[in-house]
Each structure stands twice: as C-alpha cells, then as structure tokens.
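Structures for review follow.
One chain, chain A, links the two complexes that follow: it is found with chain B in the first and with chain C in the second.
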Partner chain A sequence: MSDVLNVRNLSVTFPSEDGPVRAVRGLSFGLRKGETMGLVGESGSGKSVTSLAVMGLHAPSARVRGSVTLEDEELIGKTDAEMSKIRGKRIAMVFQDPLSALTPVYGVGQQIAETILIHNKVSKREAWDRAVALLDDVGIPDAAERAKAYPFEFSGGMRQRVMIAMAMANQPDLIIADEPTTALDVTIQAQVMDLLAQAQHDTGAAMILITHDLGVVAGSCDFVTVMYAGRAVEQGTVDEIFSHAAMPYTIGLLGTVPRLDQDSTDALPVLEGNPPQMNALPPGCPFAARCPIALPICHTTEPQLQDVPARPIKPMAAPDHGYSRAEVEASETNGAANAPAPAPAGAPVTNSGDRPTTTRAIPHRAACHRVAEIVEHGWGHADIFEVPDLPIPEYSATPRLERDAALEITQLEKTFPLLKGALYRRHVGEVHAVDKIDLDIREGETLGLVGESGSGKSTTLLQVLDLVKPQAGSISVLGHDTATLTKKERKELRQHIQVVFQDPMAAVDPRLPVFDIIAEPMEVFGYGKEKIERRVMELLKLVGLDESHANRYPQHFSGGQRQRIGIARALALGPKVLVLDEPVSALDVSIQAGVINLLQELQGKFGLSYLLVAHDLAVIRHIADRVAVMYLGQIVEIGDVTEVYERPQHPYTQALISAIPIPDPAVERARNRVVLQGDLPNPANPPSGCKFRTRCPLFTTLTTDEQKRCVDEQPAMRSGGGDDHRVACHYARVVEVL
Partner chain B sequence: MSENTTGTTPGRDPNKDATIVTGSASAATATSSATDATTAGAADATAPKKSGRLTRGQLTWRRFLRNKTAVVGAIGILILVFMAVVGPHLSYWKYLDIDTANFLQPPSSNHLFGTTQAGRDVLAMTLHGLSRSLLIGFFVAIVSALIATLVGTTAAYFGGWVERILLWLIDLLLIVPFFLIVAVVTKGFDASGNAAWVMLAFVLAILGWMVTARVVRSMTQSLLNKEYILAARYMGMSSGGIIVRHIVPNISSLLIINIALGVGGAILSETGLSFLGLGVQPPDVSLGSLISQGSRMATTFPWIFGFPAIILVILVLCVNAVGDGIRDALDPTSASGGVLTLTDEDEDESLVPTEVAIPLDAEDARERDIRKAQA
Partner chain C sequence: MTRYILKRLLNYAVLLFIAISLVYLLAGWVLNPYAVYAARQPPVDPAVIEQMMLRYNLSHNVPLLERYGVWLSNIVTSWDWGRSPEGAYVNEQIASRVGVSIRLMLIGTITSIIVGVGIGAWTATRQYKISDRVITFLSLLFVSTPIFVIGLASQVLAVHINRTTGLNIFEFVGETGRTGNYPFAAVFDRLQHLLLPTLALFITSAASFSRIQRNLMLDSLGQDYVRTARAKGLPYSKAVTKHALRTALIPTGTYVAFTVATMFTGATLTETVFSFNGIGRYLVETIGGHDVNGVTAVAAFSGVCVIVGAILSDIVVAVLDPRVRLG
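On to the complex of A and B.
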C-alpha cells in the first residue's frame, strides 16, 4: 500500500522585517489511507505552516521547497488554480475557529452544497440533498430544517460539526484538522473528536491532526511527529513516543503536563526558557539552550533525525518519576519484545487497547546527539529536568475549618435581564447566570471552579471582584460583607483581593514598560517613590524575572513571562486572596508548568487563597485543594479535589472528567467513559427540576417513577460521603472514570 | 544569547558528561548545573537583541523610510517649514511693505516672485501665507484631535447618559451649517486683521472633530474589554486615570494618523475659505487669499497666482504623503510599505538538512535495515 500523502524535506521560508523566517526546515513524513498523524509542538513551531504548505495556501512571497505528493501527484509548484481543484475535493481542512471559518451571510446547508457544486457535476437540488444528508451524518438534529439556518444560530460544537460535514462532502483523501477542538468546551471536544474519527472512518481519508493537547493525540492518533523550531525532532508511533520518548524536548513536554489521573503535591518539572526566534536561530540544536543535558556539540551541530537504538532489556534506572504502573509494565514488556530484534524499527508495536487501529510499524526516530544514552539509561523527565522544591506552607498542619475564611459566598444570585425590541426595550425574562451558590475559601487554600462555558464561573468571579452588594445572597471577603462597604472601605479592601487574567497578551498594557505596569497598583494607593522602586524589584525577582527587565515593554516578553508580570502586579499590594481566571490556559504546554509552580510557590510563601477558574481539569487537580463543579449557574458537586476526581458522584462531574483525554495512550484506551450528549441548554429557559436532566446519561437509565423526581424536584446539596464532598443529585453514585 | 552560551559551555567539561553513565543520580547533578546555565540563557533569549528584535519605534521608522513618497513628503515639509520660519527674516521685503517703485512687476532679482498691484512683494506674502496656513493646519488638526479624544473616550468609558448626551452633541454639530458659522465668525465679529485667522482656526477645530470622536469612541469600546483595563479597575484606579494612562496611549496611533491627515484637510479648508473671502481677512494674507487675488489676472500676470498655488499644492501633497506614510507604517497589515521578498542570500544552506530524512515508512526502513545487515 502506498502513501496517500508523502512529504519529503519540506521547507518554508517567509520574509520578515527582521530577516527570513525559516518556519519549516526539512520535514518528512508519509501517511496512508485511514491513518492519523498528530503534529505536536508549541506555537511557532511550524505546525500550521506545514498544513498550509500542503494545501498550497501560502502567500506568493513565501518560499516553499521540497516535495509534497498526494497519491504520487506533486503538489509543490502547482498554480493556485490547479490547487483549487484539489483543495476541498481531495484535501479537506477543519479549522480551529468554526465561527470565522463559516461565512456568516449564507446558510450552512448552502455552504456545504457549494463545496459539492464546485467539484462535482450535480444539480443544485442534488447538492442540497447531499448537504442535508451530511448534516444528518454529523449528528445535527432535524438536519433538513437546520440546513437553512445561519452559522450564528449554531453553538460552537455544532458549527464544528458543520465544518466536518463540509470536509467530508467530497470524500477527501486527506483531512487536515488544525486545532479542531481548541476553541471548544471539553465535553464538546470529546464529541468532536469522536466525530472526526467517524468522518475519517467513513471517508477512509488519512488525517493530520495538529494540536498542542497531548491528551488528544494520545487518544486519537497512530503516529506522532513532534515539531520544534520548524523541524521534526521526534517521530514514531503514539505508543513509542508516549512511553519511550527519546528526545529531551518530547520528554519534557510529556513530563510537564499535570496529570488528571494522578495526585501530586510536588512541583512540576520545568522546561526552562522559550523557543528560539525563528529568524535568528542559533547554530546547533535549536533546543540546546533549554536542554539541561546539552553537550558542547549540541551548540554547534544540529542533530539529524536518526533511528532510536534498541532499548536495553531492563531499564537501568528505575523510572521513579511518577509513571503509572501500567506504563512501567508496558515498558518492560515492550523492552523485552524489542530486545531480540536488531533494530526497533521493524519491531511490532503492542496494541493493548480496543481501538481498531491499522497501526503499522514505523521507525522511531529522534533528533538528539545523546539519544543513545537516553535510551540506554531510560532517562525520564525527572532525570533530565529540574524539579524545583516547593516551600511547605505553615498552615498546612491546621485543618481547613479551623483556618480563617478568606472568601465566603452564600446563596449568591446574579440574573441578567433579557430585553427585546429595538425602540422600546421590553423586559421579557431573565437569565440566572449564578443561581444560589455557596462557596467558602479558607486561608491558604485553593478552590477550583470548573464547568463548561456559560456555567456561570466568570460571572461568579466578577461578582466577587466588583465588591458591591449582590442582587441576592452575600459575599464576604476576609470577613467584610461587601453589601455594607463604604466607598473608602471598598478601595481599602481592593488591596487584599487581586486578579490574574487569562490572556497574557491582553492582561498587561502594551504601551507601558514593565516597571510602570507593576508599580501601577502601588501608585493608586499612594506608595512613596522609593518604596515602589524597591517593591517592584522585589516583585520581579519573586516571579522569576530579572531586575533588568523593568525598562522593557511587554512585547519583549513571551506569554509565560507576561503572565508572570501580571502575577507580580497582582501581588504588588500584598493581597490575601487572588482570583485566577484561567491563568495558564493561553500558555504553551512547556510554559504552563513554570507558571503553575510559581503560583504554588507563592501560595506557600504568603499563605494566599486562590479562587481559580480553569477549564483544564488536570491543572485544577494539580493546584487546587478543593473543586466546585458548576452547571447552569449552580454548583452540582463540591469537595476535596482527590475525593471528587477519584469518586465523582454527579453524572456531570463524571462526564467532565472522562471528557479530558489523558496523555497516555494505554491509559486512555482502557478508560471508562461517560459521554455527554448535546450542548448546554438555553440558560434563559432552563429545564424544570434538575437542570442537568436533559443531558444526563444517568437519567436515561432510570425508571419513569425515578425520572419524575428529577423532572419535578430540584436536587439539594447533600453529603456525598467522605469528609468533604457534597453533591446535588437525587441518584448520586460513584462512577470511577479515571 | 550567543555570548552567554559560549560563556557557559566551556565550564561543562565533556569528560564530566562522559562520567554520567551510572544512571539518574549523577545525571541529576549534571542536570542541575546545566539548568542554571539554561535559565540564564533563556532570560537573555527574550531580551531585545542588538541584531534580532526591533523596538516598535524602530520598526515603524523603518517601514516609514521604505515608503519613498512619504520620505520625500517629510523632507518637503521640513523645507517649507524652514522657509516659513526663517524666510521672512532673510528677505528684505516684509509682507506688508509696499514698493512704490514696482507695481505688478514680474519676478526679478529685487522681487524674486514679483510684486502685486499694490507693490507688495509676492515672495514675502507667499512665505507669510505659508506660515499662516501651516499654523492653522497644525493647530486645527491637533486641537480637533484633542477634543475628539476627550469626547470619544469619555462617551465610551462612562456609557449610559453621558454617552447619549455626547453622541447627541456630535450629531448636532454634524448638521450645523459650516459655511454660515465661518462667515458669521470671521466677518461678523469685527475680527479684522490678525485676529481673523485665530478665529478661523478655532472654528475649524470646533467643527472638525466629530467624525474622529466617533471613531475614538468605538475604539475605546473595544479596549474596554481588555483585561488590563479590568485589572486597573479592580486595583481601584480612578476613571480619569484609566483613560489617561491606558486608553489614550493605546489609541495614539489612530490619533497620530488623524492629526497627520487632518493637517492637509485643515489647510485646504482654510485656503478654500480664504479664497472665498470668508477666512483670513486683509491686510493679513494666507495662501488662499493670495491665490484669490491672483486668480483674476492669472493669465496676464501669472506670478501672483502661480507661486502661492504651487507652494500650496506642494504643501498639501507633502502633508498627505507623510500622513499616508505614517498610517502605513503604523498599520502592520498594510503592504504599501513595500512587499518583502526573499533573495537567494536568504537561503541558509547550513540549516537545510543534507540528508533527506526518511519518512514514516516501514518498507523503506526495512529495506534499509536489510541493506545495512547485508553490508
């Protein structure tokens, strides 16, 4: 069987103000029918540039060299008109943001029919019927009607389904999915990934899956190519890469991701530094500057991709770095199986899972001068990368209920009015964004708030930060009820509660130097000049930046460093409570770990209390002490983080946890899954009784009598067993999903 | 960055690395020493490198310089400003002087641009008119941008009633009959002589900010969603503080562009009005009133009309070229700064792998292994 897609020595260079940018430098891979390759790497590593080169979508000023063949037809050098006949027909693409990928002024059915009409000689009627059939295939309910709807009438997940239907429309040979789930909620992500697999199965296409989420790769790819600074630094089957990565960068990437299925109180290993500038690449290995085991040769000669030598029969160094037991066993059996073979290249790969894969054996290759040593000693991330020590907080011995409350929320409610009419705006109803929630955070504690978008997490945060009297219920910060504050008291209290935002690009003013950014809150509170000067330097050091950085502008910093600047600003006034709104979700995987460690270190040092919103449940498990799961403005489950993750009782919690892929193919395949159907219901018109019942997987298994209770009666919070675990479900029971 | 790595690598003896063969314990020691080096290296990697990253100012400047029209325009403006400022002091004739010996004389060594009917020196008048036009142009552009900023940011930031009232004011001023007001102000207020141009400048500024204010308002609205504004609010900063410190600097490129393009517009309005007799009042002269005087005898005595007209055209062309240049330089998506192309020198062979890396293909690999084994 020959390759559907064969990419050989692809290189792409762009002109820029600062000289040529070599975005892709010599990438090669081949893919056959039905195979999926994950293209993994940090932003700027050349993933998307590669996919655009395959599609022939680069601007004429870019220089594309090498060879890309689709079923032995050379694509490089084809004119745009020739490529247009291939794009959409033989190569289809699914983009990250389904809203901007669909034209807002045409109905979705028309847009799908258009792709069919362009490439096939069919009548409009036939194309339309086919579009409706495709929409039906991708699980759009009532497809004939919905095909007439416009993109804005669909939710994000539904729009991505439409995109997939469009990609499937002409039975392509190759589907390129560029971060297809990044913009979606985790529960929707699981649905879309299933659908992509289905689409691939139906069309028999090869697929390139571009993503930064290692969990997604583990769950759905056959092969992985890890890219760094425009080069493939490691290639192999998904099992090989995830269990026996041989290039320090890959090892680091896999090691720095917090794990959903593991409790950890230790710091994460840190991949220091940032990827190099693509217009000023240093000689030698591009990763050398960040690599703790770099040798002098690494700084002078760039290593070529080479076969990874056979592993020794028994790993010499016991992997004592938190690999799961299953993995250790797998590595031993694999090692044993591979040992007699002259090279691991041809060795069969064990497929322990139930996934019907066509995984063929491909050589495991890595670009590293020390690959032989790494394999010989079985070095893992803990051997190569530094794991910083975390200070042990003073209060850790005190039980939480004996500590002072930093933040108490009781029966908090926030509704937004629904208005209608252009001239005279009538009040037609309201949305309960936050519906009677109770929370408390003790000193030195972290509470994670999780839920899909629209569940009321951000509204809760903003209610707390506003420090004003809530519509109903009460908020008390460090013992001060916000309802009774005077203007002066409110300003005083602001010193003690500060916020760190999600987007490091938007969170600091690009027009101010770092010094002024960090000094800002102190200026507001009238600190003296000298004191500010001293404190800014102190803060810079505290968050791991250099004093000499004070005079630079935010544009000179990477995302992770900007987030550190944001954290320094939040700490300037010595707050007691920090509100963290998705503090690491916008950062690259290798940068995340450093910021997470910093947050934990600061908490230990200053006894901070964190209210943390994150959609990444693995991050929550790593940082938080307690977790609260929100659904449509209500808390459905709350408790100690280990307790909730290990023994989730609410079906929603179970679905959320099982929707997160685990970056370990063996574990991922063997997992117990609770799949959630559909989208969040319209919050303006929530279901009666239990708000979750319309999507509840448990509800469908109940008898009619039992169901009646869910329909009529809103479940109250009750103890879910354990010391600190409360759940709001009539029929709560433990389902382990890890 | 490169000094840094070369500075640290000699310390890492290759022999020392060769000793790391017994597993993780010794590997860890090597790791920690290496990590320090990489940390330092990484911190430097992000620094604005001498050769690598450019500051925003440098970048804008470079893009501006690449636009040849704009550079020529900038040089032209500098020359004209120099002429307007220094010229009157160098020339023997002042603009009000009357040379009773020379009426309506063509250009000569005594009067480089010739004289008018009343025996006034056209060069001196043109230079004076040029300085009037420049003053009015810059004054109007800057003042109207200031008003636009104040109104636009205030309306967007506070919203509600404040916004509604300010928008109402904008709409009202937009429908006010422009000509009527200018006529009333410059003629009606007995603003004879020198005061007239000041009045004219104020009127032009007061009636020229509304469209910009609307743009400023919508830009401010988009900025309000930025998290640094929220952060400033949650640290207790006052509204005025947020506007001055965070909003205005972030819309400054729009304001700079508006000022640059507004200068040309204001000069044209002024000359147009003066031409019609509504602007600068005699005995004061501006380019507009001078052109108006000369136009009646443009065919017979062309120098009175021609020289000021040429100067005006050059001035407006230069101002607009610079305005366009600034806009393109500040707008990263604009291609008028010149499309960048790659030259053959950009191909760095050292980075292109010599050997073709083998693709993910088992057959290939097996064949190769067999060949290897045979060898």
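On to the complex of A and C.
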C-alpha cells in the first residue's frame, strides 16, 4: 500500500520585519489510508503552518519548499485554481474554533451544501438533501429542520459537528484536524473525537491531528510527530513515543503533564524556559537552552533526525507503565489490517479500545546528540528533569475539620434575568446560575470546582469575590458573613481574598510596568513607598521572576511569566484565600507545570486556601485536596479528590472523568468510556426532578418506576460512604472509569 | 415586534415635535422678516408691511407664543406650513425643491454607493499592492478636497474642453438650458446639465464609501470563515465575494440606508456651485431671507429624513444579519 500523503523535506519561511521566520524546517512524513498522525508541539512550533502549507492556504508571502504529494501528485507549486479542485474534495480540514470558522450569515445546511456543489454536478436540491443527511450522520437531532439554522444558534460542539460534516461531504482522502477540540468542554471533546474517528472510518481517509493535548494523541493516533521550533524532533508509533521517548523535549513534555489516573503529592518535573524566536534560531539544537542534559556540541551543531538505536533487552530503569515491552510489540503486530470500527455515536458506553493499534511499524526517529545514551540507560523524565522540592505545609498534620474554615458557602443562589429580542430586550425568564450550593474550604486546603461551561463555576467565584450579601444563602470569608459587612470591613476583608484570572494577557494592564502592576493593590491600601518597593522585589523573587524585570512591560513576558505577575499581584497584600479561575488553561503544557508547582509551593509556604476552577480534571487531581462537581448550578458530587476520582458515584462525574483522555496509549485503549449525549440543556428551562436526567447514561438503564423518581424528585445531597464524600443521585453507585 | 416599532415611532414623533417647535421659536425670536422690506426702493409704507406681516403670521406685534399657536393649528388643520415674508407658500417651495434635490443627487448617490463599495472591497483584497496604494491616495485626496473645489475645478475643465472641441458637451448652470429640436431633446438637455454636478458628487461620495468598505473588508478577510470557505474548495476570488464581502456589507447597509434617506435634504454646496435650486440652497436662502416658516419647514423635513434613515438602517441590519434578526 502506498502513502496517501507524503511530505518530504517541507519548509516554510515567512518574511518579517526582523528577517525571515523559518516556521517549518525540513519536515517529512508519510501517511496511508485510514492512518492517523498526531502533530504535537507548543504554540509556534510550526504545526498549523504545516497544515496550511499542505492545503496551499499559507499566506501568499510565505515561501514553501520541499514536496507534498497526495497519491503521487505533487501539490507544492500548484496554482490556487488547481488547489481549489483538491481542497474540500480530496483534502478536508476541521478548524479549531467552530464559531469563527463558519460564516455567520449563511445557514449551516447551506454551508455544507456549498461544499458539495463546488465539487459535484448536482442540483441545489440534491446538495441540500445530502447536507441534511450529513447533519444526521454527525448526530444533529432533527437535521432537516436544524439545517436551516445559523451558526450562532448552535452550541460549540454542534458547530464542530457541522465542520466535520463539511469535511466528510466529499469523501476526502485526507482530513486535517487542527486542534479540533481545544475550544470545547471535555464531554463535548469526547463526542467530537468519537465522531472524527467515525468520519475517518466512513471515508477511509488518512488524518493529521494537530493538538497540544497528549491525551487526545494517545487515544486516537497511530503515529506521532513531535515538533519543536519548526522541526520534527521525534517521530514514531504512538506506543514507542509514549513509552520510550528518546528526545529530551518529548520526555519532558510527557512527564510534565499531571496525570488524571495517578495521585501525586510531589511537584511536577519542570521544562524550564521558552522556545527560541523563530527568526533568530541559535546555531545548535533549538532545544539546547532548555535541555538539562545538553552537551557543548548541542549548542553548536543541530542534530539531525536519526533512527533510534535498539533498546537493550532489559531496560535499566523500570518503565513507568505496567506492561512489558513484549506486550507492546505483541499489540503492534496484532493490530488488524482492517480499518478501525468505532462504536456508533448513539451508544452511551463505547470502548476506545476498539481502535486497533497501528498496522505497520515505522522507524522511531529522534533528533538528539545523546539519543544513544538515553536509550541505553532508559532515562525517563525523572532522570533528566529536575523535580523541585515542595515545602511541607504546616496544616498537613491537622485533619481538615479541625482547621478553621477559610470560606463557607451555604445554600448560595444567584439568578440572572433572561433577555431576548432583536431590537429591544424583553424579560423572558430566569436562569438559576447558582442553585443552592454548599461548600467549605479549610485553611491550607484547595477545593477544585469542575463542570462544563455554563455549570455555574465562574458565577460562584464572582459571588464570593463580590463580598456582598447574596440573593439567597450566605457566604462567609474567614469567619465574616458577607451580608453583615460594613463598607470599611469589606475593604479590610478584600486584602485577605484575592484572585488570579485565566488569561494572563488580558489580566494585566499592558501600559503599566510590572512594578506598578504589583504595587497597585498596596497603594490602594496605603502602604508606604519604601515598604512597597521592598515588597515588590520580594514578590518577584517569590514567583520566580528576576528583580531586574520590575521596569519592563507585560508585552516583554511570555504567557507563563505574565501569569506569575498576576500571582505576585494577588499575593501582594498577604491574602489567606486565593480564588483561581482557570489559572493554567491558557498556557502551553510545558509552562503549565511551572505555574502549578508555584501555586503548590506558595500554598505550602503561606498556608493559603485555594478555590480553584479548572476544566482540566488532571490539573485538579494534582493540586486539589477536594473536588466539587457542578452541573447546571448545582453541586452533584463533592469529596476528597482521590475518593471522587477513583470511586465516582454520580453518573455525571463518571462521564466527566471518563471523557478525559489519558496520555498513555495502552491505558487509553483499555478504558471503558461513558460518553454523554448532547449538550447542556437550556439553563432557563432545566428538566424537572434531577437536572441531569436528560443526559444521564444511568437513567436509560433504569426501569420506568425507577425513572419516575428521577423525573419527579430532585435528588438531595447525601453521604456517599466515607467521611467526606457526598453525592446527589437517587441511584448513586460506584463506577470505576479510570 | 409591531408594538415595539410603533412605540419607537411614537418616541421619534414626540422628539421631532419638540425639535421643530424649538426651531420655530428660535427662528421667530431671532429672524426679522421686516428687514426684507427695509431696503426696498421706493420705501414700502410701514402700515402695508405690518398688514402683510399680520397676514403671514409674522408680525412682531403679536406675541411669539400666539404666532406659534396659529402656525401649529394651520399645520394640524390644513397642513399649511405658512408663507415667506414675501408671501410665497412654503409647501410649494419645499415640494419643488425636494424634486430638484432628488434629481440632482439620485444618480450620483446610487452610482457612488455601488462603485465606492466595489472599489473598497477590491482594494482590500489587494492590500499594499500598487493598485491599492494608488486608489487609497486618490480617495484620500478626494475625501479631503471640499466639494466646491472639485465642482469649480470640474467647471474650469469643462469650459476648456467645450472651447477646444467647439461643442457644448458640458452644461453646468441650472437644470435646463437651450433645448434642441430632436426627439427627447429635453431629456438629453437635463442629463447634460446633470453630468458635472453628478460627477462632483460621485467622486467625493464614492471616495468615502471606498474607504469605509475597504476597512470593513479587511476585517472580514482575516476571519477564519474565509479560510474555511477556501478549504472547502472555493477559489480565492469566490471565497472573498461570497463569504467575506457578504459579511462586510452588513455595516455598510446601515450607512447606505442613512445616506439614501438624507439624500432628500440636498447638498447645499453642490447646488450653489451648479445653480440648482434644491432644498439645500433653500435652507440658506430662508435663513438669509428671514423666512421663519421656511426655516422651520426645512428643519422639520430634515428631521423626518434622519428618522426615516435610522429606522431604515435598523431594518436593513435585521435583513442582512441573521444574528440580529433571530438573536
């Protein structure tokens, strides 16, 4: 069988004011029918540029060299008119953000039909019917009617389904999916990944999956190409890469991600530093500056991608995974030659293990001068990367209930009026954004708040930060009820509760130097000039920034460093409680680890309490002591983080945990997956009884009598066994999903 | 929806009524219709003047509020907007002058919208190329040149061409002139007279439309959905017209609706330069001629045009943008 797509020595260079930017340098790979290759790397590593160059959609100013053949037909050098006949027909693409990727003024059915009309001699009517059928295929309910809807009337997940329908429309030979799930909730991500696998199966296409999520790669790729500074630094089958990575960057990337399925009390290994500027690449290995085992030669000569030597029969260091090399080899050769057969989209429980491993072995290649040593000694991330020490928190010996409460929320409610109308807004109902929730955080403790977008996590945070009397229920911060505070007391209390925001780009004023940003809260509270100066320097050191950075502006810092500035500002007044709203989700994985370590270190040092919102459940497991799962404004399960992850009792928690791919292909293949159907229901009109019943996989297995209870009666929080595990489900039972 | 529109119209009507009343009171207080007769030779008998002023409801011996009452009741009962100090009927003046203004502006406005939007969209796709830079330079030049300069310059040029060719290709004084003896001669004559003022209007207005559209188009060209359209297999030019331009036309739609509605209020300078007795010139004349009723009527008419423009642009946006229509 020959390659559907063959990329040889592809390079892309853009002109820029500061000289040429070499975005892709000498990339090669081949892909056959039905195969999937993951293209992994940090932002700016050249992943998206590669995909656009294959599509011929790069900027006209870009210089593309090398060869891209699609079934032996050379694509580089074709005109726009020639490429237009290939795009959409033989190569289809799914983009990251499905809201901006669909034209807002045309209906979704029309946009799919357009794809068909461009490449086929069919009537408009036929194209429309086919578009409706495609929408049905990708799981849009009531497709004939919904095809007339506009993109803004669809949720993110449904829009991505439309994009996939569009990609499938002409039975392409190659599908390029560029971060197809990055903008989506985890539950929706699982749906979309299943759907992509189905689309690939139905069309028999080869697929390039561009993503920064190693879990997604482990779950759905045959091969992996790891890119760094425009080059492939490691290439191989997914099993090889994940279990025997041979290039320090890959090793670091894999080790630096917190694991959903493992308890961890230690710090994460840190991949320090940032990728080099692409217009001023250093002479040697571009990773050398961040590589703890770099030799002098690494700084002078760039290593070429070369075959990784065979491993010694007995690995010197024990592999981190519970299976032996023999098993890996067996699974590689046993993989059936036929295309994968994913479960139909309608099945509530699918087993991702249905996807066989790759049908062929490709050579494992890595670009590193020390690859022979790494393989010989079997070095893993712990051998190469430094794991910082974490201070032992002073509270760790005291049981949580004996500590003072830092934050207590009882029966908190918040409703928003729902407005509708084109030319004027009329009141059409109320949304219960937060619906009678109870939670408490003790001193030195971290509570993670998880749930899909729209579940009320952020509203809860904002309510706490407001420090005012809530609509109903009560909030008590460090023993002060916010309803009874005077204006002066409220200001006083603000010193003790501070916030770190998600987007470090937006959360610091670009026109202020770092010193002023960090000093601002202290100025508000009337600190003296000298004290402020001393404290800012102290804070900069604390968050791992250099004192000499104080006079620079935020634009001179990377995302991770900006987040550190945000943390320094939050710490300026010596708070007791920090509210963290997705503190690491906007950062690249290698940067994440450093910020996570910092947060844990600060907690240990100052006994801080964290209220943490994150959509990444692996991050929550790593940082949090306890976790609360929210659904449509209510907490459905709360408890110790290990207990909840290992023995989840609410079907929603189970679905949420099982939706997260684990960056380990062997584990991913063996997992049972609970896939949720559909989107979050309209919060203005939630279902009666249990709000989750419309999407509940357990509900469908109940008898009619049992179901009646779910429909009529809202489940109350009750003990789920253990001292600190509460769940709101009539039929709660443990399902292990890890 | 209907109730909402009615409510909004009622709001506008109240607003308009207040505005017009204020204009009337201000004009009645400041303007002095007696001055029209003051310089007459031979002098007119003051008693005769006073008599006329009383007849036309302009007498300063009647309290302003009382005049306002009479003026208002005339409008409400017989749609009579009053008379000028010389006795001309305001209703007739407005009617004939609106006609002149429309004849002057219709062709220029419509062609400038079409051509300006087209050029703007096209230059956006050729950003920083020579064609874009040349057109950008020209349109900035035309936008920043006052229209009377363009008008006078075009007249100088027209005279020169007429002289060198010996033919009367260009006519530029008034709406009509010498008419030939062939079929449709009258129509041809009118068109001949329209040519230069239309050209002057067209150049300024197309230049500004092209600037607006270029910026809108640049925004929408950078959008992901244009990339999606190309990824589907649309060639660049088609992806641009069908996806980028269609979206970039939404804001233009509101601006066009407004421009069309306010077209009726005329273009004072162009009318003056080319001696068209349109409504723009009427406003200037009424102020100079101490015509309280005329000033008020022009103000009222402009107000109505602006309101119609606002409503039209709301409707146009709703038609063009499903997010507004259904959201």
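Definition applied: the second predicted complex is superposed on the first by the 691 of 738 C-alpha atoms of A that agree within 3 Å, B and C clash if a C-alpha of one lies under 4 Å from a C-alpha of the other, contacts with A are read in each partner's own complex, and residues count from 1 in each chain.
We adopt the following convention: a residue touches a chain if its C-beta (ideal position, glycine included) is under 8 Å from a C-beta of that chain, and two chains touch if they have at least 3 such contacts.
Since the model is a prediction, treat every value here as computed from it, not as a measurement.
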Give one word, clash or fit, describing how chain B and chain C relate on chain A after superposing. fit
Answer with first, second, both or neither: which of chain B and chain C does A:521 touch in the superposed model? first
Counting only touches as set out at the top, which of chain B and chain C does A:153 meet: first, second, both, neither? second
Which partner does A:85 contact after superposing on A: first (chain B), second (chain C), both, neither? second
Contact-wise, after the overlay, does A:18 reach chain B, chain C, both or neither (first, second, both, neither)? first
Looking at A:475 after the superposition, I want to know if it touches chain B, chain C, both of them or none. Which is it: first, second, both, neither? neither
The answer to whether chain B or chain C touches more of chain A is B
Quick check on the superposed pair: does A:272 touch chain B, chain C, both, or neither? Answer first, second, both or neither. first
First (chain B), second (chain C), both or neither: which does A:361 touch? first
For the overlay built on chain A, what is the smallest gap between any CA atom of chain B and any CA atom of chain C, in Å? 5
For the chain A and chain B complex, residues of the former touching the latter: 3, 6-9, 11, 13-20, 22, 25-31, 37, 61, 63, 65, 223, 225, 232, 235, 272-274, 276-277, 279-283, 288-296, 299, 302, 304-305, 307, 316-317, 320, 342-343, 345-346, 360-363, 365, 373, 377, 379, 382-386, 465, 491, 494-495, 497-499, 501-503, 506-512, 520-521, 524-525, 545-546, 548, 552-553, 555-558, 561, 566, 569-570, 573
Touching residues (chain side chain C, partner chain A) in the complex: 1, 4-5, 8, 223-225, 227-236, 243, 246-247, 250, 314, 318, 320-327
Which residues, counting only chain B, touch chain A once they are in their complex? 1-2, 5-6, 9-10, 12, 14, 17, 20-21, 23-24, 27-28, 30-32, 34-35, 38-39, 41-43, 45-49, 51-56, 59, 62-63, 226-228, 230-232, 234-237, 241, 245-246, 249-250, 252, 339-342, 346-348, 350-353, 355-362, 365-366, 369, 373
Give every residue of chain A touching chain C within the complex, in rising order. 55, 57, 80-81, 84-89, 92-93, 95, 97, 100-107, 114-115, 118-119, 150, 152-153, 163, 166, 421-424
